[in-house]
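Per-chain residue numbering starts at 1, and chain names A, B, C and D are given in the order in which the chains are listed.
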């Protein structure tokens, strides 16, 4: 960039009465401070309560998993960027966000190579191959997670969360959704809300997710339409299931607070790159995710469906963008 | 072939003949290839049929006597007669192999299949002569998730079925199996485990009585009932 | 038994073959479309590159056009003269003098000659820069990102000092560059000689407006048109009537070149000494050895 | 029309410059389906070699007798015959392999590599050229299958040709054995091949 300015300098002097305008393609940022970097730092701030809660519950395991993912993501980003001869982009923090989200969504007890492979796949196949930040079709963290989920089913499936010899109470239990799906046991709502249950480190505490998520929405870093759509549909479908009268005591609130629903709604689905542009599109996007989460929870072999729901709706994002083009003025 | 002939109007017969004549090469090749394929099929089909049957037959001694007994059985060079029958039970037709040693029925092997987690699971269940206890289980074909569901192939897991009674349906449990009819499910592959139990339960439930009946008929030939195509429920 | 099985198989196949070949034979006659055999022979003679350099969609359409519409036999730029001779033979016509078509870039302004450029941050392609308003003062001129150079399969186009420049030694006239140029300043022009005259400007604005955005653009003064009939002024832009163009330029034409106040009427083509006529206009003489890195330049 | 390539050119072209999988993107169905083990991949490559060689030779022998409207019928007839022969042969002598390859052996009938070679080379050139073309293309196909299958088998099971090459503690990447692994591996290898070709072109 610096040599460009030098090249343009004499030109500026020649026609000094004409102000030099910088032009480029959309999206045009109206606010100087509203940059990728600022958004990503916002996300990192919003993740603080979640990170804190996960470290409180899962202790060293959460710290280790997050550190592995964070370091590998940054290293992978640096390596791939170098391969493509692009300017160094680590400072925009997007790789750090991917790393932290990935670390929070993998089982805390998963072996080290799971985090490493998930991170490399997330950055390499999820992002760089599509052309880098802003070009990726799918949420990179979820691409990485889906890869290891299928590759290492043994340590990533519901049973992979349970480990008896960690010395941490939460990890010895079955994850709430799995306990319900396999044995019809429902966990207490308070435990779910505060996050004293087993699961991926980031997803257990509904409270922490809500605090961070609301901060993101207020800061406008995340669009409120997406979590609103997800939660609305989950409430409707969960409510219907309640009314239809399944005798079990797994209520709509259990659906809302369990699994990675809130974490996914606020931190994963709201990724600005892989979600639609318009408000209407965002709401439909969220509603679609909510719908597929509930369908997968009710009918699939997996206890949870946030990851697949997000990936599926990511694929529909270009279509949603096309459907929801706002009418031009006067039409 | 003169191209001028082909558009001669009104002369249907000639045109028809012309089409056929034009295609002499196709006709020649078709009959030649047809004949050669028939020849190949004639040569190879006994071998292929034997392959298909052997796949099952090889397993029969092991499924009825257990692996070690079958080994010594083979070493002693004892003869085992295996007879294939089709028995209709429930709404399915089962392929059943009756194993006889020294003219005594020593057990049955039932070929059965059902829906697994990913695709159809095809398996063989061995039961004793009276169809009261399971003597062995073998998975012929499955497409379960590698690393999880396909552990149903493992000997250790399959051996859990040995010596279980056919009277009670088997259940796959996640925790330690305690009751006699419980099977430890494979960690992370509860659905595959349950599917295998389900297939075994269903086929045994259907076949328990027909097999016992067949054994009786066998012992009292006076009934003069052929085993094939029994219509018993 | 064996013979029965084999006979049965052969018989089945034979019957099926009979039915299918009868159907195909009938279909072949019923749906027969009379095609001039010359079209197929021309298709065979053409290189089959389907490049579109002839001005038709592909080799097939060109072959049809030659037979049905009497298109020229020498339009294929890839096949060259040998191909033209073959097509001429099939058509039974005399092969006239080869009239190759080559691209001409109708802009002559390098960086320093263009005014009102702005700093452009975006995808480094002409197609992208072109949709940004005010990226450059002249809305007609070359943007210099080299979309044309990137589509050239023959390495015959380079951006030199921000201006797309054709290397006529390598160019085969396929026309890919003309198609891709978002500002449509590359035209495929009949080269009646190794070097021909061309107006290297495309700006149709009024002269006064042009001087604000370019130091070299044609201002439509009409000096050339007054000096020679070959030139006309259309939309404030000097235009050469190539139908009337003679391989060797007359004195009036040379005078028109001289009269041009912006020296926009220049010779383009291969650098040969045979037909260089003394005149004072610019001659575009690209030096391909010192090509600057074309990605560095931004609007 | 440009001159037809010679037998030797046909042979070498098939292996890399016109590799059926990486350069022409033909016959991708078996490429994706049978490459989760080297054994399966090599059996498939052998089957394709046999079918392609026989079909090319026969078509080349009768090339002057072909009628335009009956050409494809004859191609398919010939191909189908040899595929059936391979299918039966495998069922008789390699029963387990034939079971694991499942429908992909009969599907060689509609493998576009073979009909493409019949059309492009065998129906126009001499027997020797057609045969060397068949061998070259099949080797190219085998090479492509081997490259994908080795990646998938080693990562997915830690084994190569059924022999363990990675330590027991290697965590099997199950996804590589499953269909998504085929798409990922093929995509990445295809990208690598294109990248190498582009680099080579840029160098020249």
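One rule holds for everything that comes next: a contact is a pair of C-beta atoms (placed from the backbone, for glycine too) under 8 Å apart; a residue touches a chain by one contact, two chains touch by 3 or more.
Not measured: the values here are computed from a predicted model.
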**Message:** Count the C-beta contact pairs for A-D and for B-D, then tell me which is higher.
**Reply:** B-D
**Request:** Find the most central chain, measuring centrality by the gap between its CA centroid and the centroid of all protein CA atoms shown.
**Result:** D
**Asked** If you average the CA atoms of chain C and of chain D, how many Å lie between those two points?
**Response** 40
**Prompt:** How big is the gap, in whole Å, between where the Cα atoms of chain B centre and where those of chain D centre?
**Reply:** 33
**Message:** Distance between chain B and chain C based on Cα centroids, please, to the nearest Å.
**Reply:** 69
**Request:** Please set out, as single numbers or ranges, the residues of chain B touching at least two other chains.
**Result:** 22-23, 26, 29-30, 33, 37, 41, 145, 147-148
**Prompt:** Where in chain D do residues touch two or more other chains at once?
**Reply:** 70, 73, 77, 172, 174, 178
**Asked** Which residue numbers or ranges of chain C touch two or more of the other chains?
**Response** 17, 20-21, 24-25
**Fill in**
Listed in rising order, the residues of chain D that touch chain B in the complex are 62, 65-67, 70, 73-74, 77-78, 81, 84-85, 88-89, 91-93, 95, 99, 156-157, 172, 174, 177-178
**Prompt:** Which of the residues in chain A end up touching chain D in this complex?
**Reply:** 111, 113-114, 117, 125, 129, 147, 150-153, 155
**Fill in**
The answer for chain B against chain D in the complex is residues 22-23, 25-26, 29-30, 33, 36-37, 40-41, 44-45, 47-48, 51-52, 55, 141, 145-148
**Complete:** Within their complex, chain C touches chain D through residues 17, 20-21, 24-25, 27-28, 44-45, 47-48
**Message:** List the residues on chain B that touch chain A in their complex, please.
**Reply:** 117, 145, 147-148, 174, 187-188, 190-191
